[in-house]
Every structure is written in structure tokens, then in C-alpha cells.
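For reference, chains read A, B, C and D in written order, and residue numbers begin at 1 within each chain.
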Amino acid sequence: MIKNECMTVKSQKQIAAAIFELTLSGELVSAMDQPGQFVHLKANDQLDPLLRRPISICSINQDRKEFTMIYRADGKGTKQLSKKKVHETIDVLGPLGNGFPVEEASFGETVLLVGGGIGVPPLYELSKRLKSSGVNVIHILGFQTKQAVFYEAEFAGLGETYIATADGSYGIHGYVTDVITSLENSFTTIYSCGPTMMLRAIEKEYGADKKVFLSLEERMGCGIGACFACVCHTADDPDGFSYKKVCSDGPVFRAGEVVI
Amino acid sequence: MIKNECMTVKSQKQIAAAIFELTLSGELVSAMDQPGQFVHLKANDQLDPLLRRPISICSINQDRKEFTMIYRADGKGTKQLSKKKVHETIDVLGPLGNGFPVEEASFGETVLLVGGGIGVPPLYELSKRLKSSGVNVIHILGFQTKQAVFYEAEFAGLGETYIATADGSYGIHGYVTDVITSLENSFTTIYSCGPTMMLRAIEKEYGADKKVFLSLEERMGCGIGACFACVCHTADDPDGFSYKKVCSDGPVFRAGEVVI
Amino acid sequence: MNRLSVELPGLSLKNPIMPASGCFGFGREYSQFYELSKLGAIMIKATTPEPRFGNPTPRVAETAAGMLNAIGLQNPGLKKVISEELPWLTQYDVPVIANIAGSKIEDYTAVAAQISQAPNVRALELNISCPNVKEGGLAFGTIPEVAKEVTKAVKAVSKVPVYVKLSPNVTDIVEMAKAVEAGGADGLTMINTLLGMRLDLRTAKPVLANRSGGLSGPAIKPVAIRMIHEVSQHVSIPIIGMGGINSCEDVIEFLYAGASAVAIGTANFSDPFICSKVIDELPELLDELGIDHLSECIGRSWR
Amino acid sequence: MNRLSVELPGLSLKNPIMPASGCFGFGREYSQFYELSKLGAIMIKATTPEPRFGNPTPRVAETAAGMLNAIGLQNPGLKKVISEELPWLTQYDVPVIANIAGSKIEDYTAVAAQISQAPNVRALELNISCPNVKEGGLAFGTIPEVAKEVTKAVKAVSKVPVYVKLSPNVTDIVEMAKAVEAGGADGLTMINTLLGMRLDLRTAKPVLANRSGGLSGPAIKPVAIRMIHEVSQHVSIPIIGMGGINSCEDVIEFLYAGASAVAIGTANFSDPFICSKVIDELPELLDELGIDHLSECIGRSWR
């Protein structure tokens, strides 16, 4: 059930270069049931910026009716968001979309959670859920550079965690795909979120042999499936009329389901 | 010398229905030398609302580098202004325009200060200055209704003060012009600020016999004389090409100087 | 007395508020938020004879107090709209205005002839002004003679009144309005989006895959008001106004300008409850303004 | 090397930044804030043969991310501009672009012949697109043949290159641009304001005394970018771009679209230092984008 609520800022802090962690509380949290869903936010009641911003849910605390997200303050909307202080409110529409299927991994299995940049956050709630189902989680998290790294300790607390940086300033020098190749090939499933290039590489390499779930990004209007801004072709009809909407059919798709 | 400064909110409080008193501090105050000048404000760094808002200077405290203004939070810009809290900053351009000529009244003279609604504030600094020059000040302040009345005590502390309300809910029932008529005709000068209708009535009645100074209002673009948004005809050439700019030639004009 | 009711050709509206075409799909998504029967009417997504996938993504870009879109008329095609979407909407007590589009006159007549027979379709909205479609659609919206022809052709086959949606991207909007009135239009809807573009600072290329797109939202409201103000004084058919409406105050401004009802587009994206809210809040604003019935507002700026 | 320099017909610009006509008077007021010699050029307020008082007030109204103006070309007239304003500006090392307006061809030629002889006037900007003047001025900006004629006539008498300022209120901006190019224009400036209107909620009447006015500011930027993007691919004369510029990023976007230099209008009102700031900040943005010289940006969206 999608809700629209002015939620209250519980905490806001910068946790890496231009990266903020924001916790909100409100009734809307009770509707959050899948990792990988997102919320659509408006941090102002003015006309500039006009549109909502889609941000993934990073972790959920039902007891406290709180959820946390992590975002990069880069453009107008996210910068405005980063100025919100404790006790102020933010207009939240959510939870939106279909998240990662936790049930696809069973007790004792090993799965890879592969994240790139601001694609990392939704993997955190996912990892917590998988872990509590007894799944063995391995995290491979890629960042541009050392200053951009966040949540290493949090992920490490849940399972083996590899950090890669594109410039080699921290962790493994290279891309997450390099790290996957270097691992022993004992995993059954990949859950991934990050830049399109990264998702394409993962789909290409592992889409055929493993269960692979990819969370896509697309520019959005409504965020709920009404405006057709965020469609992609389905893989079985790449030039035809059939489509999926990233906002309401996704953002998580099974590899091979849509054209990315 | 006009300055542009991000000034700091020292206090902000509501003092009547939708009426706020705001005190700002900064170096810009040192340039404020006349009562009746105004500042041009922008309370946001977004594009909505886009334009600055002209607000009169109500009182100046050079020692503390502070000035106070009083405004009605009515539309977009002023509502936004009213949300600004202590320690936040506001972008101020000022001081602008030419204020009331204090020197036109001499020691021992009696002058009327006639204000209507949000035209009342600039008369406060004026009154303080006149008083300190030994001028006898009488205030006639008109408001719509009881809830809109402000600064009665402040003005009463400086001189005789009459409050009129249009609906009779407080003070004298009627308009400021009614009050003037009822007074003994011993004053030499009127300084006035308020609705155009009121200024016209005062000009018509007293413009010929008394020294009358009127502060006009006009929609503004630049506020500094560059855009020609705020012009009025001069009284000696009411259909011709000669003009005055309310922002930079005014906002205070001598009765009979411009067409109002 | 219902202070908000409006009678227009083919349309008995409970209130003057309807979602604008393309901003509300076929209503399914927004039905999660409020009862669709509450709406004055629904303008459904443009329907073409065949299904269309539309343009590549990105299809939207934000601008100052506005947005650009280049959806490219994606829709499931006439058959599916008639067999799936319109029947679904019959559960609600709300008249449907079917927005129809195409690239040649036959497209328009093909869709009009069939869709106008659906029981809940009470009017057609001829989209002769979509800026995001390459194949010649532009001429319909910018050349008065062509606009008149397509209007005439559709009128000849439609079972319900026909409203023509005008493009603001013309030198003389009054001339266009008069042409479609002469072609038999029962009403006008205006305005569609302004043609615009946004470039990406890093790549230097357009943000939209389609390069240019249609500008909507509050940014275009002054243009819409100006055009409706002009056109309403020169035609005798009613106007459904749109372009940047975001509040009750905006609705009243459109009525003052000369519109008889309004549609809300982009604002649904920032506030999914906007249509419902505006309907709830209108009576209070009328009280404040001392207006008994909404109809008193129509054209008050020039009457 | 000056990374910001631009060479245009008649104009050797230190940088591509100039205040737009009508938003900077004749420079006097802004000279309180910064050294005018810093500017690439100055586009002065429109000059007509005789003094003009302009329209009644209110002359401005705010809109979402924009504003409407209906100043009505108030100016002191040719004689005073030549005897008082232009000489005052000679104290600054800055080329002047004289914006000229009128209601008949003879007005334009009369002003052009004389003002183009002023030593610091390096180019003319033909304002054939002012939406706020009643007497027939509209035809110059909307009918290609008429625009071509006035361009030709002015070219025949001007001592300096002639830039023609295009109105966005047309169906086909490329056609207009080509017409004035054929008329001999040395360059284009675009865009002027969009026609718009705002109504007062209480009175139901237009906020502007002139009823309608010209819409400027960030709201219109996507329209400006789209038009410059189109026109720059179809003419071989340079474009000075304007419409909603508020930042360095906006400047670069206009250059990418195809402008060779830019003018800043409305933004001067919210930030009197805007031109100066943008000039100061441009080099840093070029560094960030890895651009050596600004000229590399021109037309990059379509090259």
C-alpha cells in the first residue's frame, strides 16, 4: 500500500564525500516490506525543484517506525534534502516498486550482493534479511575513490565484504566485476544495484548461469506507473511494444527480463 | 551606498494577525541613514519566488548593527520570510531609496505621522528621529481591525497616538483622515505612508497648505532604478515623458511632486 | 445546489477538475489514492490506432518550475484501450474524455469512430499538438487549414462532442482556435506543452533521448493564461484550460481567463492527491472570494 | 590567452557575458556594484526616436521561476541617449550594443543611422520583438518578409554590425532567423520574452496595467535553449543567447546549444552582482569540464 506522509527527520549526517545518511520516522514505515523498494521525496513545498526524487530504502526499523536512506547530495533536490534538520519534515511517497526477492535464496546458500556507488544502500536491508534467513552473504562494493566509501563496517558485520575503488585509493584497485571473477565460484545468486554499465556486465557474465537480480535506475516523473517516463523494453520483444516500468514493475528485475 | 549582504536573523516574532517583526544584523546597517528607506529582500536561494521583496526599515540600532522591519506575511515571499529563524541568514540589498526628510520639521513644531496598515512601520524610526530633534509628534495609525494593530505602545511612548480601525473593533471607528479632521489644526507637516487611497486623500486635503511627504508603493523589479518598473508621472507633466522612479527617486515624495 | 458543477458539450461535470491527458495514465495508479468518481472527468492517455512504445529514455527532464517530457505517445493501442482500460473505468461514476492522436487524418478518424462508442467516453480530445512525435503531427497543430480539416473529419465520425487541444507553439493562437471552431469543434482544450530542451552539462547533449520535449508545469502558466484570455474572447465554444495548475487559486485564475473547466497535469507527479485536494478546497476559496457558483468566474478577466 | 574571449561581428568581447537590454538601464545603477569594464559588453535599454513614457503601472508581475514585464519601451529618446547616456558610458572600456525599437521602419532607420555613429556603440540590436507595444510592432517580429525588410533598411544606414533580436512567439523560429539573415543581419540575439499574463485573484483582472506582458527568467530557459539549438544549425551568423540565465552552468548550456555569447536579464534583479559573479566563476567551471577555451563549447550539443 503506497502512502504519502510528511515524515519527521530523526537524524541526518554526512558519512562520506557528499554522501548523507538520513533517518525518517512515520507511519509509512509500516508499509515497507521488501528490501530494494524506494521512496519518492520532496524536500520543499516550493516549485523549484518541482519533481520528487527517487531514493532507495537502505534499512528499516519497524519497532521505531523509522527507515534510513543514503544519498549523494549532488543536484538541486538532493542538496536541498541534505539541509533538512532533525524535527523538520519531508514529504515522502512510498514505499514504491518491487524490491529484491529474498525468498530466492535459501538457508545455507551463498549469494553475492554487488553494489556500485549510490547503488550500495538498498543492499544493506537486503543483506540483513538474507542473513536472518541463514543465507551466507558476500558483499562486493565498488566506489570511485576512498572518500566516497561508506557503510563498510555495517556490511562487514553481516558477511564477507570486499571494497573496490576505481582509482585504487582504498581496498581493491578496480571494478566490482574484477572482484567477482577473483572469487571462488560457489555462489548461486547475485543481487545487484549500481551504474547501468556495471549491471550490464554482470548480466552478461552471470545472467545465464546464476540467479541474477538487478535494480535499475531511470529518470522518473510520477514514480507510480502513470506517466510512462521510466519504461524499458522487455527482453523477449526488444523492438516491440511490450514494456516494463522501472518505477512500478521494477526497480528490481530478474536478469534477462528487460533490456538494460 | 547600497550594499548587498547576507544578514543574520536576530529575532523574528509575530506581533499581530499575520504581522511579523524581524530584526537582522550586519554591516549593511551602517549605511542606513534615513527613516523611510527600504531594503530589498530574498529569503531563499531557489528560483521560486524569484524576485526580491521591498520592505521598509522600521527602526535602526547602529550600536548593535541591527535593524528591524515589520511586514505582513501574505504572499509567497513574505510567508517564506516569516519562516526564517534566529541565526539563519537573509539576502538583503539596501538601504534603498530616499526616505522622509527629518530636517523639514524643526524644534518645537508639531507634525503628524499618518500611517495605514503595513505603511505604519517606517514612521517609527521617523518618529524617533523627530522626537530627538525636539519635534512634537502626533501619530495617527489606521488598521483594518483590532487583530491587525501593532506598535501602539511603541508609538505612544514617543507622542500622542490615535488608533483607528476600519471596522471599529478598536480605537476610533473610521479612517485616519477622519482623525486628522477631528484634530486641532496646529500641525505644520504631515509624513505619511499607507494605501494609495489614503495618500491621495491626504494630498488632496492638506497638500496645498501643509508640508506633506508621502511614501509610495509600487511593484518593483530591480529596486535600484534600472528596470523602469516603478515609475510615476511627475505632477507638472502628468501626460508627458518626465517621470520619477519610486525605488530610487522615492519612495518618499513631497505632495504635488508626482502623480499618485 | 452544487456550486462546482459545469455543463459542457457532452459533459455534465460534478466539478471542473480533471487530470490532464498523459499525466494520469488510465487512472489505475491514482485510484490507489482516492476515489476516481470524485473527479469532474478523466482525460485518458493519448490513444493511437496501433500500440506505440514511444521514445527512448530518458523521457523526462526537470526545468525551473517545470519539466520536459518526450514520452512519444506510448499507449497500448485502440483495441486494448477499448477492451481493457475503458471497461475498467466504468466502475467509476466519472465521464471519460478520450485523447486521440495520430500521424495522419485516417489515424484520428479510425480511433475517433470506435472510441467514441464506448459507453463512458463522453467527449474526445483531439491531440493535434503533440510536440514529441516526428511524423508530421506538427502540421495538424500549426497550420489552421490542416487543423480545420482534421477536426471536420473527426466530427463526421464521432458519436460524442469533439474538443480540440491547441498547441501553444504558434504565432497566432486565435487563428488556430477559430479554424478548429469553423471545423466544427465543440470545445477547445489548451494548452499543450511548449517545445523546450535541456542540455547536460557533462555531455553537452540533450538530456532527453528525443532531444527536445514538451515543457509543462507552473513555468508555462502565464502563457496558458494569456492564450486562454485571448482565445475565449474570440470563439463561442467552451475551453478546458490547463498548463501549470497547482492549486485552487490557479483554477480560479484559469476560469477568470475564460476557461469553463480545467485539467491538472504535471502537478499530479509532485502531489498525487492534487486533483482531490483542489476539489475539496475549492468551496472554501469561493466563500473567501464571495462567489456563489463557479460559473460566475468564467471570463471575469475580460467581461 | 584569455579563455573567455569571443570575437563577433563588431565586437571583441573580453568574455561572453553582457546584461540584456532593458534589465540594466544604461548601466548607471549597476556601476555602484562593480566595474562595468569587466563586462563583455552592455546591451542598453531600447531607444526610440522620441522619448517614451511607456505603459501605466503595475508593469511587473512575478510568476513561477519567472516574471512578466510590460515596461512599454520607456526611454529618454534618441537625442538624450546620444547626448547623455552613451557619453557617460565611454568612461568604461566596454563595447555597447544599442537596442533600437520603433513602430515603423523609419523609426528603426532614424535611430540606427544616428546611434550607430556613437564611438562606443559597436553593434545594434534590432528589437523587432517587443511584445508590449501596441502599435504594429508585432508584425516585425512575426512575419518573415517584414522582418527581412526592416533588417535590410537598418543595414543600409548602420555604421556598425546589426544583430536582430528574435521573438519566441512564432510557429517557426528558423524561418524568422533565415529571413533576417537574408536581410543582411550580422548576428541574432534570442530570445526575447514569451507573451504571458497573470490575473489577480481578488479583482479577476490582469495584474499588469497593460494586461499582458513578456515572460522572462528561468521559466523560459528550456524554450530559449530549444530555439537556439534549432536556429544555430540553420544559419551561419552568430547568436547571442538569453532567456533565464542565472549561473555559469546556464551560460555553458547556452553555448552548447549554439550561442556564441550570452546576455543576462532578469537575474540582475534578484542578484545585482550576477554578471560579475558569472564572469569570475566561469574559468573554474571550464577547468572542471576540461575545456580550454570557451569557444570549444559553442554548438557542442549538435556538432
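Just so we're on the same page, a residue touches a chain if its C-beta (ideal position, glycine included) is under 8 Å from a C-beta of that chain, and two chains touch if they have at least 3 such contacts.
Note that the structure is predicted; figures quoted are calculated from it, not measured.
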Show which chains lie in contact with chain B and also with chain C. A, D
Which chain is most remote from chain C in terms of Cα centres? B
Take the average of all CA coordinates in chain A, do the same for chain B, and state the distance between these two points in whole angstrom. 55
Between chain B and chain D, what's the gap in Å when you average each chain's C-alpha atoms? 36
Per the C-alpha centroid definition, the whole-Å distance linking chain C and chain D comes out as 34
Touching at least two other chains at once: which residues of chain C meet that condition? 63-66, 217-218
If I count partner chains per residue in chain B, which residues reach a count of at least 2? 47-48
Among line, ring, star, complete and other, which one matches the pattern of chain touches? complete
For the chain B and chain A complex, residues of the former touching the latter: 44, 46-48, 80
Using the touch rule from the top, collect the residues of chain B that touch chain C in their complex. 47-48
Of chain D, residues touching chain A in the complex: 64-65, 218
Which of the residues in chain D come into contact with chain C in the complex? 63-66, 68, 142, 169-172, 194-199, 201-202, 204-206, 211-212, 215, 217-223, 225-226, 229, 244, 249, 252-253, 256-257, 289, 297, 300-301
Chain A residues within the chain C interface of the complex: 1-2, 4, 42, 47-52, 76, 93, 218-233, 240-241, 243, 248
